[in-house]
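Letters are used for the chains, namely A, B, C, D and E, taken in the order the chains are written, and counting of residues starts over at 1 for each.
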């Protein structure tokens, strides 16, 4: 591992080449370098939680430099989890102070303690005819059912539209036309056509999710590099193979973004869907409570929706990091 | 323009090089080639509309080949407008046959003729206290007001979140938490906090649009090539300049997709916003009509929303083609 | 047998937004047959890549025609030289493998998957195609990098993956756009030798773009010299230094032969003259 | 004055998903001073680009230190060679201009805007910066392509835009990663001359990566030969062929001098020896 | 001076005041009219303080005041009587109340009909576990009925008229009211606004009373040609020919009745206060409110009606 220097210097000098001189890079003794980042990483695995936090705070306040193994300028590198936790606690604290201090009437915003109390109450005793878990279960089945359906249909459809003039011609006006339609506006039509059972609810959520997935799959197609497509063709790929093995893969980053947007969209449509004759569902629960101005149940329901959706989003981001580590290096 | 051949052949032969021979590429006389595509293009500008359609049909039925000036394999190249028109007409025809033929009761789906008639009626006489144009005007102001606001705040915010660990830490939980919240669920809270005037309507639409814009701006940041960022830094760019002149530009394709998704999202939230004590607005009109089961007004309103949104989307696509022609060549 | 004929072909790129349109190729004629190793030399921007794209089927000419064989090889254009039977020029196929000037590897696949891509597309089973890909990766000196991601490779390593990928696919015709440009002298020499070996064994048609006159002379059976604005072929030479090299396996010896030096001077003079004529 | 010291630096890239970690640089020492033109030669994948990234400030070493001057030039690291004062290595700045191996042009800007980018970033007004950019575009032979989009250029033209962009910015130190790799012989020679002229006039530090031994010998004041796995510097030579060339302006003459030929043989022998040692 | 008044889409003579801008003409105030779809939205808007006066059903009013919203009931717009009814679908197999078990009944939650449904079930000896009560807005009820998705609905016109065609009325609000839980639609006012604009309030109630009087005295000849009918049709969007029939189902009390113990009068013992109290008790059982108010008569204020009667 030390620098090998071969004895060419003399032979070069013998040849009479002017000013040629071989520099022996002096073998610096191998020091035990204090690579703080690395040490921190190793240490962090072993130490207790409190120590971890201390280390994190140190990290946060350290002067900005490129850690070994990262590229300078990579946008937004670094761990932001601690900051997230702090900011969350901060916002909750403000909420608690504002409400408990009596600056805001409970009907405007109940205090976090009331909300937690109510949360426990509806988990145990239920609200509007079912417990929180039953409500949640009903809603999750609807949302993820619709999500899977929307992915199964939307991703291939979007890619096909992006790749094929004829399909684009046929489906483009249809999708672009239905996409902006307010679910609340066509809700009565959906009920007239599909009734008030699960099918109409899932359809409504599905329709809401389909558009962003199709749109981003389609945008993903155009961001695939033309050379990558050409090279596949010149290795004998059929158009089908090019679509499935190059375009669909290259469109993944956009599709993942679309999926994340879609699931958020699905949640927001949930309440509209559960306006339709639902008997259970977290959206139904919130709607019901909001109509009676039971603000703490509304907030509790919103919290539950927000937390579940956030967890799912974290999962999606994890998948993104796993599936498309090459984003930005294409 | 003919092939110049310089007299090196002899000198090469003189040098005794084996088998060197210079081939005079025979000067093929310049023919007047029938470049059909080009001719079509020039012709198309001059001829009448009917001729244009005939040309288009010819183009559609021509064998697939790479037109000169295009790359083979570019996904989805070609004009699909004629197909779109045909498919639209086809869908409308089916609608007309199904309804006029009496297969569907008017309350389920009124015939297109009734809808058009009603459309004219509400344009001239109005419905629910205002004419169609007044309704439209009220809604457009809300939607585009919210859209501009969402772009002005969402694009910088998304980019900042993507670029900065601290901002990400602070805003990420907030945005990811609020993003999936159903507007209908927090509608009562918005009303309690902001009242029933324009501000609460615009806020609702704004909140709906903000999330997809932030999310895609953020995703756009990660798809900028690291070399492009590095090169800017090594030309003395400040982090601010890198963000504004490299990252923001490189994120444009994703941001445009996000904006298109957002505006669609905004339309879908319009009705929810106009549920709250609106006096005018196309969503209010549809809602009002659906309350009384005036299905033809519902459908007419939906048509109007769909058409306007589609036109806006075409505009956005035009802008995409103008502003980011380099998409796929990065 | 398989032949390629390029008949009086011109390519004009439309200029966009203030950029003038560029006549990238003007009245180009070229004929190739099985076993030809045509090397194109020419100034930067003279249309070499454009010509390669034409042959590969990625673009079609603004004027003029291409014929690829008169056999019924699937996917070859049915255009007869000089005779207008419509604008039917088919796109690329597995018969014409391409090594790109710019990287065209798939970042979602690792090194060995990228190399085996063509074989996978043609339905070879996983074990067989990995084995074949591994062979070619060894030939280009990347046997230790099978599992690496593309963006974890150096520039020259990426280029070598591109070459291994094209070779593993065993196309009838190989189109290479400056394939050895980012390689050090030694690796470059060994890959030149590899390509020549492949060429002799399989008798492929090859179209090779380079900026190195030495490389051009060593490899070519036919050397094509191009000139820019408008891009055109100004000279063609038939050569056989590659056979000399394959016999003696000593590039230095071939390159120091008087014929080689004379030829090199001649080609350099042409390029020089061109530049002077333009300046 | 400005100096660069690289002290016992190692860089290890972590391997991901089955790929082994790669020791890209191992215990590298290098010193540069104003007016030095250091050229790095070495096999593909031996760590040249990694070394350049280190100097540019794009990555930081896994072990070891860099010093850039002891003056207070903004943005230069305040690390003293061999002495640990924390992991404070600052990133890139306008003092170190980079020409990338892979294209790093901005596709949303046209040719002249790309060239003028650095000047714009430093706040030069539009007319002045366009004028300056136009000068450098002319020097690299792209005076007719101001308004073209990046993707409308050939590979070599893109590379030349990258060079013009770096030069227009007039950095104290210029880091070039195979900047002439995709250029034809003649353009390459004229750009070599251009770079040498700039170097002599401005007395810049330059770090230049190439695969051409001829180019390395012609340009270098110091030649650094690197070896792969782990990447390290095995030899350094002080040279002055560039001064000879700048005096006579005849590359052919310099290259045919016996000193040059001897040196070239020596360097080739080193590279050869390395390869043999590895094989 | 500015005032914001909320209204709903039901059919009543009050709509004539909106259409003809009677209040503007009479008082010189600038009126901002806001439409709401159900009582629940009205109370939210009142809570935000952006509505000064609004019409709402007794049930949403009870929910609002129990949540501590500072409003008071000042006028009975209509005694609902037969205008709201529980209708069951022909063929659903429901002939008696006990047949409701396991059936799907649609009501707009929070509304007066929701309250009456719960009350009726209690009277029939059923709990809300026995019946599948679903929350539907009037428009969706119409659609769901059309498809046969629901077995019954407790609703008002215009949907009521539609579903009566292939359904049968099981019970109406009039009966349920007579069992001790009357419902009504009333005018509520922001307490502070009322106090500061007492004269204005009196004038407004006078207009309302006069319109009711106008209708009552022309009841026999009231048809589609009447200007009030036209106004109602225009504002609510229902067919002008149906208006007379629908109005006939309601009762519009006159000044004397309003001020009597039946409605606004008599403090704690007044009909309105008692109705609000019993409604609130009902809501508390369903966890829809947390606490009962000690005295519901503070939310009933006959002062303005009294003043109006003297104008």
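In this text, a contact is a pair of C-beta atoms (placed from the backbone, for glycine too) under 8 Å apart; a residue touches a chain by one contact, two chains touch by 3 or more.
Every value quoted in this text rests on a predicted model; they were computed, and no experiment measured them.
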Farthest-lying chain, centroid of Cα atoms versus that of chain C
E
Look at all chain centres (mean of CA atoms) and spot the one farthest from the centre of chain B.
E
Just the number, please: Cα centre separation of chain A and chain E in whole Å.
47
If you average the CA atoms of chain A and of chain B, how far apart do the two points sit, in angstrom?
23
How far is the middle of chain D from the middle of chain E, if each middle is the mean of its Cα atoms, in Å?
83
In whole angstrom, what separates the CA-based centres of chain A and chain D?
39
Junction residues of chain E, two or more chains touched:
44, 47, 137, 139, 142-143, 146
Pull out every residue in chain A that's touching 2 or more other chains.
71-73, 107-108, 187-188, 192, 225, 230, 233, 275, 287, 290-291, 293, 325, 329-330
Where chain D touches two or more other chains at once, by residue number
13, 16, 57-58, 91-92, 102-103, 149
Check the chains against each other and report every pair that touches.
A-B, A-C, A-D, A-E, B-C, B-D, B-E, C-D
Spell out the residues on chain D that touch chain A in their complex, using ranges where they run on.
7-8, 11-14, 16, 26-30, 53, 57-64, 82, 84, 86-92, 227, 230, 232-240, 258-259, 262-263, 266, 269-270, 273
Where on chain A is chain B touching in the complex?
71-84, 86-88, 91, 107-109, 161-166, 168-174, 176-189, 192-193, 208, 211-212, 215-216, 219, 221-226, 229-230, 233, 242, 247, 253-254, 257-258, 260-261, 263-272, 275, 283, 286-287, 290-291, 293, 295, 298-299, 301-302, 305-307, 309-310, 313, 327-330
Chain C partner, complex, touching residues on chain D are 13, 15-20, 22, 41-45, 48-49, 101-103, 110, 141, 144-145, 147-149, 152-157, 160, 177-178, 181-188, 211-213, 268, 271-272, 275
Chain C contacts chain A in the complex at 56-58, 91-98, 100, 102-108, 117-118, 120-122, 149-151, 165-166, 169, 171, 175
In the complex, the residues of chain E that touch chain B are 4, 6, 9, 33-37, 41, 44-45, 47-51, 137-139, 142-143, 146, 158-159, 162, 234-238
